[in-house]
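Going by the order they are written in, the chains are A, B and C; count residues from 1 in each one.
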Amino acid sequence: MTLESPPTAESSSLVEVRHVSKWFGPLMALNDISLEIGPGITGLIGPNGAGKTTLLKLLTGQSKPTLGEIRICGHEAWLAKAKAHVGFCPYGDATWDELSGRRLVRVTAGLHGFTGDEAERRTESVLETVGMSDRADRPVRTYSKGMRQRIKLCQALIHDPDLLVLDEPLNGIDPVGREELNELFLRLARAGKAVLISSHILNEMDELADHILFVCRGKLLASGSLETIRDLLDDYPLKVHVSCESPRQIASPLMALESVKSVSVQPPEDLFLEVQNPNRFYAEFGEFATTHDIQLHRLKATDTSAEAVFDYLMERASRPE
Amino acid sequence: MTPLFEIESLTHRYGSVLALDDLSLSVEPGAIGLVGQNGAGKSTLIKILLGLVRHTAGTVRVYGSDVTRNGVGLRGRIGYMPEREGVLPGLNGIEYVGLAGELNGMPRKQSLRRAHELLSQLGLEEARYRRLENYSAGMVQRIKLAATLVHDPDLLLLDEPTSGLDPDGRTAMLSLLKSLSQRPGKSLLFSTHLLGDIEHVCRHTIIMEKGRVAASESLDEMLVGKADAYLLRWKNAGDAANDVYLAALQQAGAEVSPGEEIGQARAVVPAEWSTRQFFHLARQAEVTLTGLEPEEMDLRTVYRRLVGMETAMPPLVDLAKRGESGVTS
Amino acid sequence: MSLVKPDIETITQRPAWFAAWPIARTALHLVFRRKLFWVLFAVALFSFLLMFGAIYLLATLRQEYKWLEEFITSRLKDLDGSGTTFLNFMKAQGTVTMILLAFAGSVLAGNDHSRGGLIFYLSRRIKLVHYGTGKLLAIGLLPSLTTTLPALILFIEYGLLGDTGMYFGEKYPIIFGILGYGALLSVAVGLLLFALVSWMPRPVPLVMLWGGLFVFLPILSRILTLTMREPGVRRRHALEESPWRLLDFWNDLYIIGNKFFGVDKPLFIGATIVVCSVCVVSVIAIFVRLRQLQHQS
């Protein structure tokens, strides 16, 4: 059973995936996947071996689905017309590393059909966007991992695609670089591009992704914003951490609230609640806080992060249907 | 207790590159994180600690012993897990770990016995006779860890140990590292770009920049937040209601800075403030509070500040107003 | 001895030199695991089998047709059981040994450089010199599997099948000859191969260079000898004495090897100089390269 946010009335779908399955011999990598991707940042998460790489290959037209169809901006994904709309930043390093970064990007521009001044302009523009303008003249062989990643991003952006597919784009990048590039992705998303990021670093997904796709064992098990997915996981009551000066005093009044399922007190100042119906809970709690003087200094839901949601989804996936 | 490292005025040059610039550092045993940009000198430092590279100037002592004089002996007490290399294709799991033990001076039988044990404990029992080139990414990391642990070293040097692991694998590796670091007499130095990992496992962090130490502190000291600062989250009730709420808070005496997205803010409150007021004012503005917590710094913010990085867009939780940092070099 | 509980068994630590054998053993293991190695090894042993058969045949002839046996052994130095027999056998194994080494070289040591295994060794309780020794041991053992060991077996066979007591009594110095020549081969060829592998770890360039040294240079030396000889000098004479022959490394080793069997060959001094310089240059090359890699890894 897929957890999905209800479809919006207007779906500006840059990417449409309809009932796609992919076999490799007897191995079924993807099993009847249907999804849509629009502008904004979409995070693709899932355990290793779930089929994420296969899905990315299908989206970038490197491979054809065994069943079903994938359309990018209306064209089938493996056609050149579709690929003109897609920029791909793959996981590994496989380039001509004797060339300088600048040269490599210029060559890519040529591969996309740009020539002369247009190609030069785009090269410089894209190098500046990723922050490599002043460092791109040495051969790629001498680059650190972070610099290589940025050059790969340049190659993905050079033709100004509508869909950016990024496989672990921050691999090997230091904390400051991560921030800069995340900022870049946000900018691109706001400019109307669809940015699909496949990553294992879930805490970054928390902040970046508007929309999450969770794939496990070839199936799409959840799709929607993090909040929506969390809400839909209603068999997992929300865990809330409350801290105040005298927790024992408020334990029973809190239990009395309808939405609170259980309260566990941990002296000296913590309470851990399990809560049904979060919206109801917050309203009730707000009421409660204004009527009781409790020297509260913490109210925090502890399992709404991407990591927590991932764990729940994995647990759910491993339960027999 | 003997310090783990004592480094004085360490300088290292190769060719025209100054990799380490008059670096001084003294750290007690424990779980330590090492962060820094590529090129900040982390790998050079690690190689020097291992005695693989002779530094240009300065003294480096590990467990009180000079690294240049006693490199081999020290390597017997250290286990190093490199990020990408260090695998010998063609060997199977047991042979690989067994060889690692023998290279550390263990007799063959003891080494193999220990290899079997470690592989069971790391969940690689079924794959132990499989060749390394047929191992998945997660298994490769675990077997490298086994090879690092085989001679029971006192210090583990790990370079991106969660590289290539999926979220479950990462969680498992991090818990494992945490429990390893908590054994008495054992230490761990963990070099990574993922600050979240360091916060999870380490007690002390070293931040390097341009060949020097920008900070070396216990995590608790680094992450001291400003007192009387709170972070608020509420359900988006429309621009009007949000503005009303923020204005009301300002009026009541709090210094408020709105966050990255609607429904988030940072508030610095006067001494007499009661947190009840947050809820009271929220109710008045018809806004439902969903989160309240005292501001805690995270490693990311500390790092950015130390490295002198100001981005146009502050991260979501830490906001326009910067408090004093509790960090000294 | 668990991950988290305290240890009840102390880990023994032996001196670092003890690690050389596991390194050699592992390298050989990796070579023995390859099918290609066994195919080449079978080819290498082909002439050994033939020799084995020939000696057996001679022994049989000695029973029935002693005159035939004596006739053959007086004519063919290669079968008369003297030192020359084994010396020439070991020399003749040259081609096939070189082919074997060309392929084994990259597995024995090259993979460490091209696939990041070097740091695995160096980050442990050994020094570069222990690593080098272990690898050299493995590289040196391989040629002895195709030259020294078969030669020894043939020697024993010859003696056992012939007039045992008298043969071994008279000819026992041959053992030292075989071992000495074998050791020379292992050391010289081993150093050279290790040096080349350190600088060129990938199999294809290595095979090409190796082929160049052991196929091209000998041919070149023959051509040069024969075309540059003084008029009137006999062919065989020239081939023994022309300095151009020194370009043939395997031949140089053969010339020195003769000394172990008590035979003096012309060009001995020249050969010794060539072989020693090659060894010294190889050692330096190995040292420099490993040092470089240690810093890079």
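The criterion applied here is as follows: a contact is a pair of C-beta atoms (placed from the backbone, for glycine too) under 8 Å apart; a residue touches a chain by one contact, two chains touch by 3 or more.
Keep in mind it's a predicted model, so treat the numbers as computed, not measured.
A.B. asks: Of the other chains, whose C-alpha centre is the longest way from the centre of chain A?
C.D. replies: That would be chain C.
A.B. asks: Taking every chain's C-alpha mean, which one sits closest to the mean of all protein C-alpha atoms?
C.D. replies: Measuring from the global C-alpha mean, the nearest chain centre belongs to B.
A.B. asks: Round to the nearest whole Å and give the separation of the Cα centres of chain A and chain B.
C.D. replies: Taking the mean C-alpha position of each chain, the two centres sit 23 Å apart.
A.B. asks: Averaging only over C-alpha atoms, locate the centres of chain B and chain C and give their separation in whole Å.
C.D. replies: The computed centroid separation for chain B versus chain C comes out at 51 Å.
A.B. asks: Just how far, in Å, is the C-alpha centre of chain C from the one of chain A?
C.D. replies: Here the centre of chain C sits 59 Å away from the centre of chain A.
A.B. asks: Residues touching two or more other chains, restricted to chain B: which are they?
C.D. replies: none
A.B. asks: Which chain C residues reach two or more other chains?
C.D. replies: Where chain C is concerned, no single residue meets two or more other chains.
A.B. asks: Given the complex with chain B, which residues does chain A contribute to the contact?
C.D. replies: 45-49, 144-147, 171-180, 183, 186, 200-203, 207, 278-279, 282-283, 285-287, 289-290, 293-301, 307, 310-311, 314
A.B. asks: What residues on chain C touch chain B, complex-wise?
C.D. replies: 1-4, 6-7, 11-16, 18-19, 22-23, 26, 29-30, 33, 107, 111-112, 115-127, 294-295, 297
A.B. asks: Spell out the residues on chain B that touch chain C in their complex, using ranges where they run on.
C.D. replies: Per the stated touch rule, the residues are 14, 47, 50, 52-53, 71-73, 75-76, 78, 80, 82, 84-91, 95, 99-100, 102-108, 110, 114, 117-118, 121, 147, 149, 151-152, 176, 179-180, 182-184.
A.B. asks: In the complex formed with chain A, which residues of chain B make contact?
C.D. replies: Against chain A, the touching part of chain B is residues 35-40, 136-138, 163, 165-171, 193-196, 230, 235, 274-276, 278-280, 282-283, 288-294, 300, 303-304, 307, 309, 311-313, 315-316.
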